[in-house]
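Each of the next two complexes has subunit A plus one more chain, namely subunit B in the first and subunit C in the second.
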Partner chain A sequence: MTRQRPFFVQFLVPAVLVAVIFAAAMFNVLKYSFLEFVPGSLNVGGFTLENFTRINRPIYYWVLLDTFILSFATAFFALLLSYPISFALVRAERNWVRSVLVVLAITPLFTGEIVRTYSWMLVLGSDGVVNTALKSLGVIDRSVPIMYTRVGVVIALVQFAMPVMIILLATAISQINRDCEKAAANLGATPNTVFWWVTIPLTLPGILSGFVVVFAWTMSAFSTPQLIGGGKVLMISNVVYLQGFSSFNLPFAAVLSLVALFAALGSLALMKLLTARLEQNMATS
Partner chain B sequence: MMHQKMTAITALEHSVEIKAVSKTFGAFHAVNNVSLPIRAGEFVTLLGPSGCGKTTLLNMVAGFIDPSAGAIHIGGVDVTNVPVHLRDTGMVFQSYALFPHMNVFDNVAFGLRQRKFSKSEVTRKVMQTIEMMKLSGMEGRRISQLSGGQQQRVALARAIAIQPKVLLLDEPLSALDKSLRAQMQVELIEMHRNTGLTTIFVTHDQGEALSLSDRIVVMNRGQIQQVAEPIDLYSNPANGFVASFIGEINALPAAIYQASDREISLAIGDIRMTAPRRPEWKFGSGEMVKAFVRPEHVRMATSADAGSNVVTGEVLTHIYQGSHTITRLRIDGLGPIEMRLPGGDVVGRVPVGMPAQIAFDLSQVILLADNPN
Partner chain C sequence: MKNFWIGIGAVALASLATQSIAQEKLVVSTWGGNWKDGTAIIAKEFTKRTGMEVEFITGGTLDRLAKAKVAKGNPESDVTYTTSHVGALYQSDGLFEKLDMSKIPNAADLYPAGDRGGYEMGVYSYVYSPAFRTDLMPAGFKIDSWKVLWDDAMKSNLGLPDFDPSHIVIAASVMEGKSPADWESTTDKLTALKPNIKAFYQSDATSQDLIRTGETPVQVLLSINGYHLIEQGLPIEIAIPKEGAVVGIGALGINTGTKKLDAAHEFINVALDPIVQQEICEFHKCSPMNRKAKISEELAKLPGIFTTDEQWKTQAIVLDDATYAKLLPQWKTWFTENMMQ
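Up next is the complex of A and B:
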């Protein structure tokens, strides 16, 4: 094996290093979750299960549920908004249209999260672009609160997630056999029917993976809910931050992190299960 | 029963009429002023090399491509501006284009459901078609569970289930291996006999065209070269392109040294022949023409052959193929010639490098004007 692939071991070194360091960090988080919190100190005490009992409070359930709902909403709206863009990106007949769409869709990826979030604060604030525009158009007479609301957080998260969603969907759309759409039209399907009964089902794998990736990604969102939510919209990462770096309760922060991690893994597993069944149903129905 | 029902659908003289259709892509004439009437129930093949415009023409009949000029009539109605989904054509794609997210039944039912048939009607028609295409028992199968030949049959079933006004086949056999292709040819012939559907078949394979078609349309560079029944096409090609494209043929330079209203005499190398003049032969004495001789019309000379029909060549190669042998010879002043003889005797009789005396079957020699087309 080493003779066939002479650099095999050397090439593995970086990956192994990253894996080892990551595992060590995760182990520390796990260790901290079982250690006693000493108020007013960064040091920790001995073994305890108290951190785990402390989590059994409604506030943390609500935060967890909120994180789920916000992540789900973000994935859903990102999908809804990205599909037409991806479709145009792949199918546009003029090259310049495709180029413009690629640039518009991908450039946000090269802007830092903080910069993007700050821009959204300028747009969504009570004197921001949206409110000013709506007021001058006479749609509203007083500023509508968007900043520090779930709506505002989701808007920013959706925009944050869209480049990735667009790339995943565009890949799926570009891979379908267009003869299938032609065949459907030839058999008498209207353009509408072709889209809903052929194009969408054929791109379903891309739709599902885009949804899952964005969902999982948003579960761990931090700076967007932190800045746009301003403490009024809390996602699990923000609570971890509050516990770890405001109260300096590192053991409890570790427990919350673990809960977040397993919640994310659990929901991914659940989605995988559901989509596997969905795909099977589609193939056999 | 199905047979009668389907053949009764149209009694029109022409099921499809292509009228002076052209398609240009920029400066490129993909299809150039093509006119072609197709009778109801006819199996017509568009044959030509890749890029000859045959697929573009088929796509214009289906409505996937708009003609730059001309009109297309289906069932007596001008459909030039009718969108694809209202044209009532059934197309089988080279890639089959089966719906991978549906099973065999739903694939075949797709077109019927678009036509708002009742559920029981859909089931009846689908099962009927599935039975005809020998797919019984596979209704619930997924497309990925089918072999290439089965997928091909599902694609055909899906197209004929809607009883289209015209069936369009876009190189449907090219993805199959050789033995399966031969078998599918037989099934295509049976399908056509059973349904009586007007069929346009696109292929670059002259063998397929010869064995399947009622009429063959040979195309090259966007234009029709000849429209003829297979036997007529093979024995009376209209021009050099058709002669060379259909079957194997030796193209030899020939000089006419005597021409009258009734006969012309010409020299093909050392061979001299006189043939009764055909009305399409416009050449006069002294002209150079092309003489086309098929390998099966070249043979070893015997003592019975007149000296004027015997020429000596050097054997270059023998290609033994079981039922026959293809022998390549070089003849001074004529170049290489292929001869096709039954069996393999010739391999021992005239070994490679030896001289051989050959003769032509003069009544089968095809004369055409000496120009590129």
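Up next is the complex of A and C:
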């Protein structure tokens, strides 16, 4: 009697194919990281470990730290701003209110990153909307620098990440059993208490997954820090680009790519561990 | 009857052959935007002379280089229009054919800077030089030397390209009386410039945005972009410092492995034709490489436009492409590690 292959195996083929191609590309990156850079040529030399020793410079530690901080800040503020919108999106009683919120919250997802970043350049510039408004209100008498600062980069990244965060949070909020909230209210809890002690804990899985997704996504941000940061705020992808495509130093760019990959994987593993503990604590309490 | 069908067949075959020749196109890799429009000036004349259509592949300088490396041996394009020192990288990687100068007779009339070593020909030149918004700087402000960029008054006003720090490195070396190859002895000077840099631009578009919005009222600016902005009514002055301006050269090379070698040579020859040169330079506001090209007086008097050997000698800082290509990665790496952020 012959054993039949499970039906779902055929559906794995595309995923395996993509994984093989990805693994081959990563192997190439790994190979390049051990090859010598030859100035003035696109060709690489023989085996060397120098690319790895080069990374041991303050600038690269600062870039990594900046990447972590900017990614963390983006995930945090995106969460803070997206939660009320997601909540209103799910709980609004009128259909038209929900429709308007969906359009406002999700539409930016369909405009390109570059277009959105250019729009932010117009908003955050010295003569942009923010500075002009503040000056005309008399809050400031000369433009406040927002462009080419970490604050400017985070503002643009948060706006970029919000649609994704809103979708994830809205899904989590819609899964809440409303009877739990009603039970708490019947027992005398104020709407505020219900929100902080019932709703928020019940949406914690969504909050954590949204935070992790946005954090990981921002770790590889390129065009926003490139354009809004104007070379004064560098994230790891920008440095990879500068080394690979401006200096033509592909071996060192390969090392930086590996560092970025392992930094992202490491921080995701750490977050997974922390979120598992947090969820466990919430469940037991 | 038999002869009739043979005749019909012959006519059909001839028609197909003619069609296939007519449909054969020369593929030229060039930049997008108005750079492509400039290349189209050459293409128009080329098609007029040869009957062969030209098709463009557009992209950034370095993106196209990366693509050419991947497609080595089976090039996407027959001719590549690039910056001359990037052309040296094409050459060192075997991506450019050695040029047959007998097929480029117009090359005989070029300024020395037009000869880029036998694998590419300079078509036009521009300068990277300090430029400023006259309405945003104090009255009477002038940049007569690169040294002005180091002044305290320049603090947080300056914009530089992030993709190529060569201009400021070369200028600092020349200012210090050193050769660009000895740039390492001028790193203190370069570091002293850091407080004056407000932002780095990544492309022609961001360069223009930065100066248009006044974010960086002073820039080390590509002259062609400067003149483009002046045409749009922006009050910009392009300065040629006493030490000279750093010259960049747009050059054409033939991709190794092309099957249209003769047509590719003819394309370069057309690009160096005095009349075509004049049209390109009037269009881009750049300097011709052919001495015989006659440009308008209005264009000739602009800063950074060189039409005499004397101007090339006294106002232009020209570095050979091989040295440039070899030093640029070192400059870039040093700049990323010490000047940015």
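FYI, the second predicted complex is superposed on the first by the 270 of 285 C-alpha atoms of A that agree within 3 Å, B and C clash if a C-alpha of one lies under 4 Å from a C-alpha of the other, contacts with A are read in each partner's own complex, and residues count from 1 in each chain.
Going forward, a residue touches a chain if its C-beta (ideal position, glycine included) is under 8 Å from a C-beta of that chain, and two chains touch if they have at least 3 such contacts.
All figures in this text were calculated on a predicted structure; none of them were measured in a lab.
With both complexes brought onto subunit A, simultaneous placement of subunit B and subunit C is permitted, the two fitting side by side without a clash.
Taking subunit A as the reference, the larger set of touched residues comes from C, when subunit B and subunit C are compared.
Once the two complexes are laid over each other on the shared chain, residue contacts for A:Thr193 go to subunit B alone; subunit C is not touched. Look at A:Cys180: by the touch rule set out above, it reaches subunit B but stays clear of subunit C. With both structures placed on the common chain, the touch criterion links A:Lys135 to neither subunit B nor subunit C. Aligning the two complexes via chain A yields an angle of 150° at the C-alpha centre of subunit A, spanning the centres of subunit B and subunit C, rounded to a multiple of 10. By the touch criterion stated above, A:Arg98 is placed in contact with neither subunit B nor subunit C. Of the two partner chains placed by the overlay, only subunit B lies in contact with A:Leu202; subunit C stays clear of it.
Once the two complexes are laid over each other on the shared chain, residue contacts for A:Arg150 go to neither subunit B nor subunit C. For the pair subunit B and subunit C, the minimum alpha-carbon spacing after aligning on chain A is 45 Å. Subunit A residues in contact with subunit B (one complex) as well as with subunit C (other complex) do not exist. Residue ranges on subunit C touching subunit A, taken from their complex, read 62-63, 65-66, 69, 88-89, 92-93, 156, 162-164, 198-202, 206, 209-210, 213-215, 322, 325-330, 332-333, 336-338, 340-341. Subunit B contributes residues 62, 64, 83-91, 93-103, 106, 110-111, 114-115, 140, 142, 144, 158-159, 162 to its touches with subunit A in the complex. Contact residues on subunit A toward subunit B in their complex (touch as defined above): 177, 179-180, 182-191, 193, 198, 201-202, 204, 282-285. Those residues of subunit A lying in contact with subunit C across their complex are 37, 39-43, 57, 59, 62-63, 66, 121, 125-127, 145, 147-148, 226-227, 230-234, 239, 242-243, 245-249, 252.
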